[in-house]
Structure formats: structure tokens, C-alpha cells
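Labels A, B, C and D are assigned to the chains in the order they are written; within every chain, residues are numbered from 1.
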Amino acid sequence: MSRIGVFICHCGENINGTVDCAKVAEAASRVPGVSHSVDYKYMCSDPGQSMIKEAIKEKKLTGVVVGACSPRMHEPTFRRACAEAGLNPYLCEMANLREHCSWVHEKSEATTRKAVDLIKSMIEKVKLNQPLQPIKVPVTRAALVLGGGIAGIQASLDIANAGHQVIMVEREPSIGGHMSQLSETFPTLDCSQCILTPRMVEVAQHPNITLHTYSELESLEGFIGNFKAKIRNKARCVDEKLCTGCGMCAQKCPTKKISSEFNAGLGMRSAIYVPFPQAVPNKPVIDKDHCTFFQKGKCKVCEKVCPTKAIRYDQEDRIIDVEVGAVVLATGFDVLGTDFFPEYGYGRYKDVINGLQFERLASASGPTLGVIKRPSDGKVPETVVFVACAGSRDPAKGIEYCSKICCMYTAKHAMLYKHKVHEGSAYVFYMDIRAGGKMYDEFVRRAIEEDDVKYVRGRVSRIYEEDGKLVVKGADTLLGHEPLEIRADLVVLATAGVASSGAEELAQKLHVSYDSHHFFAEAHPKLRPVETNTAGIFLAGACQSPRDIPETVSQASGAASKVAGLFSQEELTREPLVAVVNRTAPPLYSTCTGCGLCMPACPYQAIEMEEIRTRDGTVVKVAAKVNPGLCQGCGTCVALCRVKAIDLQGYTNEQIYAELMAL
Amino acid sequence: MTKIGYYPGCSLLGTAREYDESLRAILPRMGVELVDVPDWNCCGASSAHMLNHELSLSLPARILSSAENKGITDMLVPCAACYNRFVMTIHELNEDSKLRARVADITGLDYRGTIHPLNILEFLEKRTDAVKAATALPFERNVACYYGCLLVRPPTVMKFDRSEDPRTMDDLMSAVGANPVDWAFKVECCGAGLSITSPALVGKLSGRIIENAVKSGAEAIIVACPLCHANLDMRRSAINKAAGKKYTVPVLYITQAVGLAMGLKEKELGLHRHLVKVRFPADRGAAQAPTHAQPAADSEPAQTEEA
Amino acid sequence: MSEFEPKIIAFVCNWCTYAGADLTGTSRIKYASNVRIVRLPCTGRIDFMLLMKAFSRGADGVIVSGCHPNDCHYTSGNFHARRRWIVFKSLLDFMGIDVRRIHFAWVSAAEGAKWAEVVNSVVNDVRALGPYDGYKNLAPIAADWRIQDAG
Amino acid sequence: MLAKMRQKAKDLLSSGVVSTVIGYGEGSGNRVRALFIRKPDDADKLILDERCVQNLAVYLTKREVRALGRPAVVARVPVMRTIQQLMFEKQVAEGEVAVIGISPDSQVLDFPDLKSMAEYVSAIPFELSADEKAAVEKLEKMTAGERWNFWLDVLSGCSKCYACRQSCPLCYCERCTVECNQPQWVSVPSHGLGNLEWHIMRAMHLAGRCVNCGDCFRACPLEIPLNLLTQKIITDIADKFGGADEYALNAFKPDDKEDFIR
């Protein structure tokens, strides 16, 4: 028989003003199974809590119902009090007599009757409550950071500086990401590489950071605090320990006409190469698809010229196993190529380039050493047209979102061009100028007012080549939709920022959700912006949606602090309000039929199938199993299960049913 | 002989007779026979869809249903305007079951959704091999393939080719030996919608298309739409007036160009009906010696050029 | 009792509607006292049979409410719930059950006033419909004999 | 056609590919009953005509049948659909069952594996017949009160014998929720409430899964048209969610349309 204690709080006059608390306590005392029922002015006060603790001890209570304010307010308070008195905290429930009763109804018999109903209902629920133990999950204090751009670099440094191990994985031969490709950065126009490269070096030298470049994540298993990752180290064909980074191999490599990824296709590189001079690590890789030796079986020039004999043609990919407690996703973004736009020539006009290519043209380390020369003939363009929102905010192109960075970098590009070519003219076609940010709008105004960049509000309908010029057809919507044609020498498309290639596959490997554009989805758009729905996996930077450097860096630090918070304890304690699949006596073993229909419904991929075996190892049944490390307790699976084989601790079918039947 | 449904529409019996003639001339060489949609009516292009939405759907729906009742599954629709109406109608009827019921009520016929209208390019593309095989005199000319708007827009409904830079006609012309030029006005507006209300503007818009085609080195413009043809051919005098130049580049239906490549006579293909004489430059240099007979060059044009 | 007072049972999610109803309280917005709230973690947890049991327990009306689409604390529980409700409501209607007595709503944690309005309108509507005798008369004896009123 | 089916059964048994062939045989009083053929010679007892409509897939999940070894099952389209659904629900795995397929025009179909059977049956549109549609629509056109009385009337005779459940190949749960008494989801007596709760629960549990084989209706001794409920759900799911999901109730679209949530 239950021995339930009922404690009705007056909350001063807040409850007692409209509800007859004494009457409620009296009515509760007559419910079978209630062995103690009192009312008191302030239950949450120290004396109030002491009353509960003493009653638990004296009356050997098996459950407690506190009729007071909202459980969202004081449930932790009263559960703690119960725990202190030796009663399992999950045997304590609250009935919401204030927010849901006294505050919203007039003083009347009906209001008191409602309070009695709420209390009775909770009494019936508590009778069926089970003592629950918090779930303890051990935490491996090492983080896996995927992506070595500025987001990954910042997150890694912050986590490493907090004293935790970091394993950084970058798929390119060098870390640095897109930021290393940029010329100058808005709104200060300081050189991107000058501020980035010291951080890259810091990553390489940090005792807590293990760097895996030219590597990719093969698989990830496990759950928060307990992930097991496999990392594929792609074969560089170079012994990194022996290589000194002297560069002789790249210099002598006979295959030199390979389009350079770092220069966004505007420059050339050799088959054995370091992407850029400040690369970290400064160790070359052999591009097997273009290497003469790998393609034709002959050459080996690099091997001959290498002073330390570091070339290893027979090197193979290596798979490395690591155990980590958290993962930071910082895989960045891509920008669309000009070939995405049929109306802008489908990429066949050499002098229609995208923003990233312009960065390389404007960069002192770029293929033109910072002189703005157009790709087709190397002439300095006299007229340059910049097209903002190329693809972005265009449902017809399948990209409804704003790429966010283009307004600012387009202003920067136009400004850089005008600084370098004083007599040139620069036009910007735009839809709206979005320059929210510290010193951002001032920056755009400067481009317009001081550098005489001509801003035209309208979209470009077509670009075509005629008589050696690029004819840009558009309209000026501020001048009565007047059609406008500009004969330009160079056109720069601020093409949309899109999810990094392979983002979808990666998300599926990690079981994190992603949106229709393959950007990773945050757990909550406002309140949990750096977490994913999979506990222990965090987000930083443009892999979530296009964003600029300051925003990326602050989010990376946010993700890092989440990781550091997680790593501050040896064990993770989680509320045991999770779903469980029942286990019954043979021959049923579980009422679960193993149909697996619950699995896709789980927002957290917490349900897996488990083989139930007898002692000698024979498989007798396959049934669902909920991973308590991943389950967040929503109960969607419970409502879906036809046989009611899954139940939710704290909100079991029996409890809810009893609660309902007492109303 | 494969049989295929045929909806000529009004243009192919009137101003675009040569389109119909040339189509009928080339079909036997590809082993195709046409089955006319019985008792067909106006597709509603040009006016109905501006005036009455239900009427604009009921007209094509009646044609589609009658064709279905005749057992037609593939229906060739050479006129791009008619084709556009059919595809739009099918799209709308599929989207809205209530509308479909209302239209069925109006036409008295059930549209079942078993019919599939084909535009001329889709139709020929499926038979590229037959076209190639029937090619006797490769059409070795620089051609500008002009698609116009009706075949590709709105792209979400038409779902035909790449809406901004279609390729089907270029590939077909390559198949018969032509050299399609890379030009910028493939889907630009010819002004057809303003033919009556603002003819001067049409002259300007169509003129730019001709100008760019000529600048890109085209010796002929190939079209797949009677409205495109009317504006680029019939309005040539207005175009030339607006441009202050005399453009002589001929405008051919794709069926005519294919017919020439098959070695058909210009009368069979209705070339004599054009206002702009179908005449190609005689010399193209030794390296590109013409192997192609120039059918129109030595024939008397049916009408004299106005300009 | 002169006028019929309907009994309304509400199934709400913890994160949006329960919190929204808390806000109604802290805002001291008054509404009819006929409603009894059953708190669940998520609308995804609401078993369709719970609704049937509410009627068998003598409810004259039922409210089901949770987070607006895209606002679910668990990201997709409400989407799953919505699908289930679409099928379930249509089935009940097909069986002639008075679906005017079942009210589905999205009430966010910020919509304290909306919660009061939802409750009041349901109470008014159901009061006008009268007691759900059709359902109550299905069973010759009280469906539930396990839990007796102690009062 | 019949000969080919018998031969196929014979071959499957004599080659040892299967140990049982589940098919149709003559029962008493011009009725057809399920026949379990264990010996090749008995294959000639198999029959196939328009009376052979029982969904034999119901046996595939039964413990007793599983104990007989690998079965082959004579399967018309609904039965194949059932097997496909059972595969989706992990109750039947590739290799566990052989299918002697019968096409809509009564041709014997050869399937090398269940995957090819699933491909075959997926290509046949899943929709209600015109009569079935008309029956659902007829009820839809009534007022809510008329519908209530209709169901009250047809369900009044139901004694909850559960023949509908036993005949349903997708009601394979080893412990049905109706037998759960903690909590008592469905009222035990077969009065109006108990019957209503049972039929609502049965229909909802089959929502998105039912293959519309009609066996529940055929099994009902009172001829209650309870398959109307599942048929209604089939049309709803097709209309409202497009019918593209493998299981409509564990999937969703963020823009699923409804008009009743305020």
C-alpha cells in the first residue's frame, strides 16, 4: 500500500486567496493511500521543506505530492528536499495549483474543486512512480574537430587552451580554409593571411592538438562522452618526418599545368605540391590523378631531387582509431561556380568570375601578385561589374536564403578595385544592401561615397560576350525600371555560399540533421545555436549557414566553451526521463515485435535493434533498444508503438492513464 | 510505321503552313505516321488565358480528353504556343483535383492523364538516330538555334531542357551536319506578345535577336515556333527599318532544316512561302567547301523581299 | 446546477503549451475553470488512445496542444503528432464521433493570452453542444471502476 | 496455370528448397481452406480459382508455421503486398520465404527472391477499387449523426471474438494491446464503448500498414464492414501525404497540410 504525503502550499495568499487550501488538504487526506496531508503558508521556504523531510522520515512516505506553483518553477527544489530525506527524488510530483488554478480563476467552489482534482490526479500518478537513478555517462575528455578553417582553428585552440586534447581533421593538405584564400578582410581591410597564419602555426605547435591534414572522417559511432571515430589519413606519398618542406620537388616537377585549388582555378600548380607558401603543415602531397608516375608509370623526378629521400610512392591510406567525448563540426562552405548560371554564360566566359576568384586576383600572394588583371588576356579591366545575390535569395535557382557575406565582400571588392585602378569604373548590381554589423554600413557608405562605386539597385538578367566586351543587361529599379546595359571588361558574381561538398554524407555519418540545402541544423535556432540534436556534437562556422569571420570565430568559441563545459566533469549526469523497451519473461522476452517502425521517428537516432540471446548465445529475438545516452525523452516512440513495448520513464503509460482517470 | 497523335493548331493550317508541310515531308523518312486528334478546337493561346482561367484550361483539356478517347498517348504539338498551353493545363489539372472536376464538368469529358504532349524538339530528339540515318546532304552551315520563350518557360512547369541555355535544337542541328553557333539570345523575347499592340517595339526586340545571331556568324536562324518565325521573318522590313540595316539571314523551321539535310526539295518544305529568301552565302572558302546543294539560291522566291 | 458545466481535459506538451499556460497564470489572465491539464513531455508522446480514454472518463471536450511547427523542443515530435492527428481526427469523424469536441492548437510558451482564449472558446463551444451523452451512454456502467472518488 | 503452380510447388518441395508449401485446397461444403503441403506428391491437391482469396501471409509469422521450416506461399497481389510490408517491418527476411506469385490475370510468376517480388508488386498501383471508393464516399456523405448511428448499429453485434485480428497478417504482435490491462486501454466488455475503442485502435494500428486484402471483413462472423475504416485511412494517407512514405506515421513533412489546428 502506498504511503503518500500531500503538501498544499498557500504561497502566501497567491493560492489560498482563491483556493481553500485547508479544504484541499482535507480532501486529499481521504484519498486511499494518502497517509499524510497538510497545508502550509510557504512550502518552498526552509520550514516548509523541513515539514516534507520530517514527514518522509516519520511517516515512511513512499511518495510526495506538493500542491504549489508550476513544476517548471520548483520541481527541482522539492525533489532535492525529498532526496535529502532519503526518498528517491523521482517519487515526488507537483500539482500546479498556482499558475494553472489560483491565478487564472476567480475565488469559488469550482476553483477549489479543480485544485482537489489536480491533487487527486497527481496522487494517482505518484502511486505508480518508480524510483529512478540518474544516468551516469563517463566522459572521454578529448574533442574531435572536423575542419581546419578559421572555425576549426578557433575551436581547437580554445579547447586545447582549456587543457583538453584535440584531434583536428582537415581534408585538404593544409589547414587554413577559405580564410587563407582571402585578400583583405572587411571592414578593416587588414590582410587575411597576416591575421590567420599565426593561428595556423599555433595549432601545429600546440601540445594538446593532434593535427591530421589530408584526412577525412571514416565513421563515428557511440554517443556523448563516448564517441569512437575512425580517421582516414590519405596517402601523401611523402614521409612527413623526413620532409623538410624545402620545395625542391614542386620546383622540379615536370607536370605544372594543373589548375590550382588554392587560387580558385586562376593559377597553376605542380603534381607534387604545397597548396600555398604558408601552408601548415608545410609538407607536399602528390596529386595521384595528375602525377606522371602514377598515370604512366614513369618519371620519379621528385624522388631523384629530394635531398632527404622523403618520397614514398607506395604509401597507403591509413585508418586511425580515436576515442573522443565531443565533436565540433567546422567543415565550412563552398561558393557556387560561375558555371551554375546559364544566363551568365554557364561558365564559358573567362572574364566572368566569382568572388573567391576575385579575392585571389586582389591578393598579393595570388597569381597576379595583387594586380587586377582579367583572366582572358591579362589586361587591367577598365569597367568591372559586380553582381550581388548571384543565386542567393532566388527561389527559381533553388536558393531562397541570403548568403549574408556577399554585400560586404562585394563592397570590399569594388573598393579594392578602385584603390588599385583609380580611373576604372565599378558597378554593383544589388537587391538590398545588408550591412548589419559593427562598422559594416559605414564601410559600404565609404565604397559608395568615397570610392565612387556605382550602386545600381536591380538584377542582371543576362551577360553575353559581344565585340570583346561582356554585355551586362540589367535594370535600374530606382530609376523607373529603366533597362540598363553595361559593357564591362570583367564581371564578378557574388555567387551563393552553399554547403561544403560531402556535407550530406558527413551529416548522415554523424546522425546530425541538416536542412534542405545540406547545411547542418542547430538544436534550437535561438537558444541552442552551437549544438546539434545529437548530444555531444557541436557546430561552428559556415557549415551551419554562410557567415563572416567574426561570427564564425565567436561561434567557434561558443562551441569550444560547450565542449569545455562537458569536459569539466568526469561523468555526465542525465535525467533518467528516457524511453525504455520492456523485457519480459520467456518465451516473449519483450513485447517488442522488432518491427523497427519506431526507429525513423526518433529525432535523436537513439533507437537501435538488439539481439536478445539466451545464456548459451542463441538469438531468440530481435527487439528495439533505446540508448539512454542519446534519448532526450520526448516519447514520440511511445505513442507510435502499437504493443506499448516502449515506455517513457517518468511519464509511463500507467502513470498518465492513472492521472487521467482521476480527473 | 509508328503512329503518333497530331495536334496542328491554327497556325500550322494558316500562317505557318510551311511548318506543317515540312513536318509531313520529313516524317515518312523517319517511319512516323500522324493521327489527327478528332474534332479539335482552339488551344486557347493568345487570348483565352488572359481572359478566363477556366476557359483557358477547358479548351486544351477538351483536346487532351478527345485525344485520350481516341487512344492517343503521345501527341505531337509543333506549335510552341499550343504546346505551352497543354503542359500548363496538365500541370494545373494535376495540382488541383477540384479544378479538374470542374473542367470535366465544362467539357463533358474526363481527362485521365494518360496523354503526353510532345513538342517538335522532344519528338525529333527521340528520333535523332533516324534523322541522322536519313541525312543525305549534311546541312553544313553556321546556324543560330532560337528557342524563344514558350518551350522553356515557366521552367518549373515546362521542365524542358536547360531553361536559360537550352541545347536540344543545337544537338539536333549538329546531328544533321550543321554548326550551331554560341550566341546569347537563344531564349530572349521576340516581342510576340506585343505584335498587335506595339509593333515598333517588336521590331526592336526581334532586331536584336537577328543582330546577335548575325554577329555570332549565323548563316541561318532555326526556330521551332510559328510566332518566332512570324516575328523574325515576316517582320523583317520593320526590323531592318528599326536597325537601319538590311539583314538577309533566313529563318527556317527545324523541320525545314532537317528536310534540306534529307535532300528534300524546297517546294516540298514550303521554303518558297518565306518572306525572307532562303539563300545562303555561296562561298565559304576552300576549307569549308559546301557539299550542300543550295536549294533556295536558284529558285524564284514566291514573294519579293519588302525591305 | 442550473447550467451545464462541461468537463474539459487538455493534453499539452511541457515546453510550449504548459509553459504558455504558466504564463497565463503569471499574467493573471482569467479563464474558465472547467479545464484540467495533463502534462506530457511532447505532443509526440500523446497516444491517440488517451483521447478516447478522456471521453470514456466523462470528458465533454478535449484540448490537444503543443509547440508550433518548427518550434518543437525535440525538433520533430509535433510534426509526428500532427500526422497522427490528421489521420486520427479523420477516422473519428468517419465513425461519427463528434470531432467538434476535440480541439487541436499550437500554443507557444509566449502565448499566455492565446491559451486563455483557447480554453474559453472550447468551454463555450462545448457548453453549447451540451454533455457528450452519446459517448457516455455507450457503456451501461461507468467505464472506470478502479478509481473511486474519495470525496 | 494450375498445372504450373502444382509443378512449381512440387519442384520446390522435392528439391528441398522449401519444406512446406502454403496454398489453397478444397475444404468442406464448397469452401476453400488453407493447405499446408509437406510432400511433393500432395502438390496436386492445390487448387486456384476465384474462391482462393485468403491472405495466406498470415501464417508466415506464426510460431507453429515457422517451426515447420522454410515455407513457400501461394501469393496473389495483396499477399505479395503483405509480404513486402512484413519485410519492411523486419518480420520476414530475404531467403526465409519463397513466393509462388499469381498475377492479376492468374499467371504463375517466378521470383528469384523477395526483392524482385517487392519490385513487381510496387509497380502495381495501390488504390481502392471503384466499389470500395464508393462505399467510403457514401459514408462520408452522411451527416456525423448518421455515421454515428451507422457504426453503433453495425458494431452492436460485435462480441469481440477477434477473428478480424487473427485473420490479419499484420496483426502479428505477440501480445496485443487489447490484452494489456495495466493500463486497460480497451474496455473489456463488448458493449458500445468496448467495441468502439477496439475498432478505433485496430484501425489506427493498421494505419499506413494495411494492404487492403479484406480478410478482416471476410473473417467477421457478423459481416461488419470494418475494412471501411482501414480503407478510409488508406485514402486519407494517399490524399493528405501523397502516399510516398514507406510508413506514413513515422514520417512527416514540415509542411504537412491540415485545416483544424488553431
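Methods note: a contact is a pair of C-beta atoms (placed from the backbone, for glycine too) under 8 Å apart; a residue touches a chain by one contact, two chains touch by 3 or more.
As the structure is a prediction and not an experimental result, all values here were calculated from the model.
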In contact with subunit A as well as subunit B, sorted by label, we have none
Looking at Cα centroids only, farthest away from subunit A lies chain B
Averaging C-alpha coordinates per chain, one finds the centres of subunit B and subunit D separated by a number of Å equal to 53
Taking each chain's mean CA coordinate, subunit A and subunit C are separated, in whole Å, by 36
Cα centre of subunit B to Cα centre of subunit C, whole Å, reads 62
Flagged in subunit C as touching 2+ other chains are 48, 53, 76, 80, 84, 146
Where subunit D touches two or more other chains simultaneously, the residues are 185, 249-251
Note: subunit B residues in touch with at least two other chains are none
One finds touching chains in the pairs A-B, A-C, A-D, C-D
Subunit D partner, complex, touching residues on subunit C are 48-49, 52-53, 56, 69-70, 76, 79-80, 82-99, 103-106, 118, 134-135, 137-140, 143, 146
Touching subunit B in the complex, subunit A uses residues 341-343, 346, 348, 396, 462, 464-467, 471
Subunit B contacts subunit A in the complex at 155-156, 162-165, 182-185, 188, 212, 215
Listed in rising order, subunit A residues that touch subunit C in their complex are 27, 30-32, 70-73, 96, 98-101, 103-106, 108, 110-111, 114, 116-118, 120-121, 124, 513, 521, 523-524, 533, 577, 601, 603-604, 632-636, 638-640, 648, 651, 653, 656-663
In the complex, the residues of subunit C that touch subunit A are 5, 9, 14, 18-19, 21-26, 28-33, 36-42, 44-48, 50, 53-54, 57, 73-77, 80-81, 84, 116, 144, 146-147, 150-151
